[in-house]
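Each of the next two complexes has subunit A plus one more chain, namely subunit B in the first and subunit C in the second.
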Partner chain A sequence: MPDPGTGEPLLRTAHQLIVENDDIASTLELPRLASRVDVIREICRHLAPYQAGERPIVGATVIAKDLTIDSLAIMDMVMELEDSFDVSIPMNVVAEIHTVDQLADTILDLRSKR
Partner chain B sequence: MGLFDRHAGLLEAYRDVRTTGADPFQIRMERVLSPTEAIINGRKMLLVGTNNYFGLTFDPSCMEAAIEAIRAEGTGTTGSRIANGSYSEHILLEEEIAEFYGKKHCMVFTTGYQANLGVISTLVGQGDHLLIDADSHASIYDACKMTQAEVVRFRHNDPSSLESRLRRLGDKPGNRLVILEGIYSMLGDSAPLREFVDVCKKYGAYVLVDEAHSLGALGETGRGLCESTGVLDDCHFIVGTFSKTLGAIGGYCVSNDPDFDVLRVTVRSYMFTASLPPSIVASVRQALRVVKARPELRKQLWDNVATLYDGLAAQGFKLGPEHGPVVGVHLPDRMLAIGFWRAMLDAGIYVNVAVPPATPNGVSLLRCSVCAAHTPEQLQHMIEVMTGIGRQLGVISGPPKLRVVAGNR
Partner chain C sequence: MDPLPSRNTRLAQRRAGFASASEMLDYAAQGQTGISFYNAKGELLTALAWREVRERAHVTARKLIGAGFAVGERLLITADTWPGFFDSFFGAQYAGLIPVPVSIPVGIGGKDAYLDQLRRQLAASGAVAAVGIDDLAGFLAAAAGEYPAVRLHGGKGILDALPEKAVDLRPLGPGDLCYIQFSSGSTRHPHGVQITQRALMANLAGMTGPAGLDVIPGDRAVSWLPLYHDMGLIGFLMAPLSCQLSIDYLTPRDFARRPMQWLNVISRNRGTISYSPSFGYDLSTRRGVTQVPAGLDLSCWRRAGIGGDMIRPEVLNRFADAFEPSGFDRKAFIPSYGMAEVCLAITFSPKGVGVRTDVVDRVALGKDQAAIPAANPQDAQRARSFVLCGRVLPGHLLEVRGPDGKLLADRGVGRIFIKGPSVMPGYFGEPEASREVLSDDGWLDTGDLGYWLAGEIVVTGRAKDLIIINGRNVWPQDIEWAIEARGVVKSGDAAAFSIDTGAGERVVVAVLARVSGKEERLALARDVAGAVREAIAVDCDVALVPPTSGLPMTTSGKLSRTRTKANYLAGLYAAPASPPKPVAA
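Coming up: the complex of A and B.
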């Protein structure tokens, strides 16, 4: 069965990809087919330290506004997500992203175009 | 909404700093006495935060050259090179810098900031790819905002992080331009340039190195990290500044590209600002001669770096990762950094304080820059002062406890 996202054949059993060229590669294995839920979970994991008060971080959270994260930390988080999901998100694209949902969709979109 | 409302957060943070009585961002140097001393708040201060690496701001030969140039050609050019023409000395300076690097072309700018801003934003355009180190200087980030190219950051000083980003571009069309710095301005660390160049070669990327803090300091003849790592020929563009080691103001870019000169009619930060005044051009030409003629200044600088860096490290301060003309001292947070800075000022020593967002990874730093003209005594004194303040503020631990022999045992 081909991957519905990329058209590539699925890896037979493991569905696992070891991310290359990354110092955390040995510890981090991500599903070959990162689902939207996986991506959002990973983003939320990065954002957790910046949660403001009790409000949970959800898809509609506006990253720069609802959280205590500054623009530099956002860029650093993006750099880590890039390596986790093996995509590059240009800075002008990052500038257009406001919510967790939009960031996840961007990552999924870039993955599907690889 | 008022025009300044968007800066409310910054204003508040800034107010916190200013209520303590001294503003690190508005220090008034009442009189600068030498490369290492000035009068601030009516007192003589030791300067350890001026980027004046060779101490050439008061070099008699550079000062004389500037004074002579003013007498001969006046105080300013009153216009840009393309509008008002070049003075012979602009062209001679460009020829001398090109020759210094063994490159064919050189363009001189009115500041290093403008050199980076204009060159980087113009070299790449729509459909191209610009890859920058995450800890790049503001002038490089600002260039990113001005270009139509796609900009991607890679981890600081990490060639494998650059490689994964170049690999991901695959066979996408467009040029790749990679931006690196010789010595990073906050922590004084150098790029692993040879490894970076190898990655760039593998993926056919152009390399631009900003040698702002490494000109004079690194390399057999002071040409910077490109020289000390033996990759001068592999760096397509080298940018630098006259505002640090050369003790004046201005910027430059050198290259061997045969079409380089087209930048003179495309780079807006070159075309639409006044060119350097004769006095500056003259002092910079002389300063370059001094750099070539007096390699002992480089040795003095590094001897002084070793004194300060090793002395502070021995007291337990957390410093940047390696010796460099910039010595960044890590402090736990912004307020402590500002308090430390103020205590230093009270003790007669001027350094820089660097806090987020101007610093990488949100760190707070006392940023010290070493000068060849510092005496070992000045630096020893500074280490003692910093040790005392560091202990008072609990940043480093106190001296080994004296064994208590008296008392009610």
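Coming up: the complex of A and C.
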């Protein structure tokens, strides 16, 4: 499924991968498919429309503060990230996330625990 | 797992008229109906017949009593929508403890603000125990740390781990409180409304009776409303329970993610009663309309209530237009008006007629506090639509009073007062705050503005500063304090208020701009908006006020949000991107 914005292919989720590869899926290493770089890139793709001025979006960017994103869009983003990386972020953990780095690490951490 | 039935085959329906919450559950437990929990995919997770809810509550009650908690002590519960809430809430009812349901954290980065709120709620309620879902155990521990009175805190496991002792139950009776409802007052100074068993029973009788929803056997309630809100807890737990209905629950979070599941569950389970603030209908229309599942059939939905925020007729029209092809009947809409200080409900608009509006002249409304019919209802500049909210529930009195306290006749806009058996005795442990809204002869100042129209009340706005965003009460003090606490501006340099955009309320924060350059002004606005989003999880517009003019004050030297708003609407304050306006000498 291409990204409607850029036309680039979206990150495939583990779920899609299993469907496509059927029984060989178990031999593929999922962590490799969602490296930290992948996760950050996906987060930045969601956040790009909300960049404030010339300030680039980096790992230390505070999502709710440094960008022009509104709270509903933040919720949408978290929901879509949860879907595409097939994780569920508990509400207490969400409440402690401020930066792009923290969000990425949370997703990676939850994936590694599966 | 099958959904629970909508009808009891052997138990006659009793429509309210009980003496207490536990008596309602005792009666409903004799039937087959109960509560079901659905996930974001619309899958049934758990179903508990009322009989099981009661049995589980009895176990919890014996554990609480066995642990030495005394009658009347308060149990704080983080009110997520899950079976454990029902265990602890009804467990407290049977143990003689007073439950204090509180909200769960919202949004990212909200930890500190949430902990702060928990601490204030623990202090205001004097709670001796605090429980919630396991995920929140750490937050409860952190908040309870400063309160030695809290003898037990943690996830649901902390209650389960208590030994069940062979003790007699000691259910809260008709003369007792039922629970404490936090929804009033700012988070800095929270006021807990005392919901008494007696007032609740009176309100439930009105709500479910002929002047209210007129519940009948076979009705089925569907709800995504938060259980820490009066409309969720009383409207969609107590009211259906008082009539032995089955209830299907979605969590508020899952509703926000997948609003279509709300309508799906109604359609699949043949739900007949469901409520939402206007924004929920809006969300469903905007996000749902592109993904209407085949076979969606909303023809069963006979009571589509609206309450909890200003009712938006255009939003409801869009919803009806979008879902009429799926069987939705726009005549099922029931605009309603109420507040936690009267348990929940004050008025219901008549059934079977849908949303009725009165179109008045904006100028006369603002200038003369008079609701004069608009000369040209199509003129959006001059005309403003308000929704008729119906007659007051039987046994209650409603008055609209002018600034001098005199009763107003039809179309005179004034403050709404109510008196009757549903009115609270006061805020918990807050005699002074209670006296501010309750007179000696039992009249409650609702803080809302409205006018009479042939025996029906029309609510036009609020006299108090309260902001309501998406059904959530937000006090401007909390917004201002969040900005000041983060050091974005100095204390007293911010004023928050809301404006009516026609499509909903929008928060505006006016701050003194003690910086000049364009970049600095933009950065200030961004920091203000960011602080508000992080602490309160609402979005706002920022207006910059020249420091030389300052923020308007009342004669007693307090910040005047009303005048700040008037100045803003008059265009006196600059948007962050524009250069500072020259200051008049």
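We adopt the following convention: the second predicted complex is superposed on the first by the 83 of 114 C-alpha atoms of A that agree within 3 Å, B and C clash if a C-alpha of one lies under 4 Å from a C-alpha of the other, contacts with A are read in each partner's own complex, and residues count from 1 in each chain.
In this text, a contact is a pair of C-beta atoms (placed from the backbone, for glycine too) under 8 Å apart; a residue touches a chain by one contact, two chains touch by 3 or more.
Because the structure is a prediction, the values reported are computed rather than measured.
Three-chain overlay on subunit A, with subunit B and subunit C in a clash. By the touch criterion defined above, A:Met75 reaches both subunit B and subunit C. By the touch criterion defined above, A:Ala52 reaches subunit C but does not reach subunit B.
Residue contacts after overlaying the shared chain place A:His98 against subunit C, while subunit B stays out of touching range. Residue contacts after overlaying the shared chain place A:Asp66 against subunit C, while subunit B stays out of touching range.
In the superposed model, A:Asp86 makes contact with subunit B only, not with subunit C.
Clashing C-alpha atoms between subunit C and subunit B turn up only in stretch 95-103, chosen from 95-103, 113-121 or 545-553, once the structures are aligned on chain A. Residues 70-72, 75, 79, 90-93 of subunit A are contacted both by subunit B in one complex and by subunit C in the other.
Those residues of subunit A whose C-beta lies close enough to touch subunit C in the complex are 52-53, 62-66, 68, 70-72, 74-75, 78-79, 90-98, 103. Residue ranges of subunit C in contact with subunit A, taken from their complex: 104-105, 107-111, 114, 135-136, 138-139, 253, 256-257, 522, 526-527, 529-531, 533-534, 537-539. Across the interface of their complex, subunit A is touched by residues 134, 144, 150-155, 160-161, 163-165, 167-170, 356-357, 361-362 of subunit B. Contacts from subunit A toward subunit B in the complex involve residues 20-23, 70-73, 75-76, 79, 82-83, 86-93, 114.
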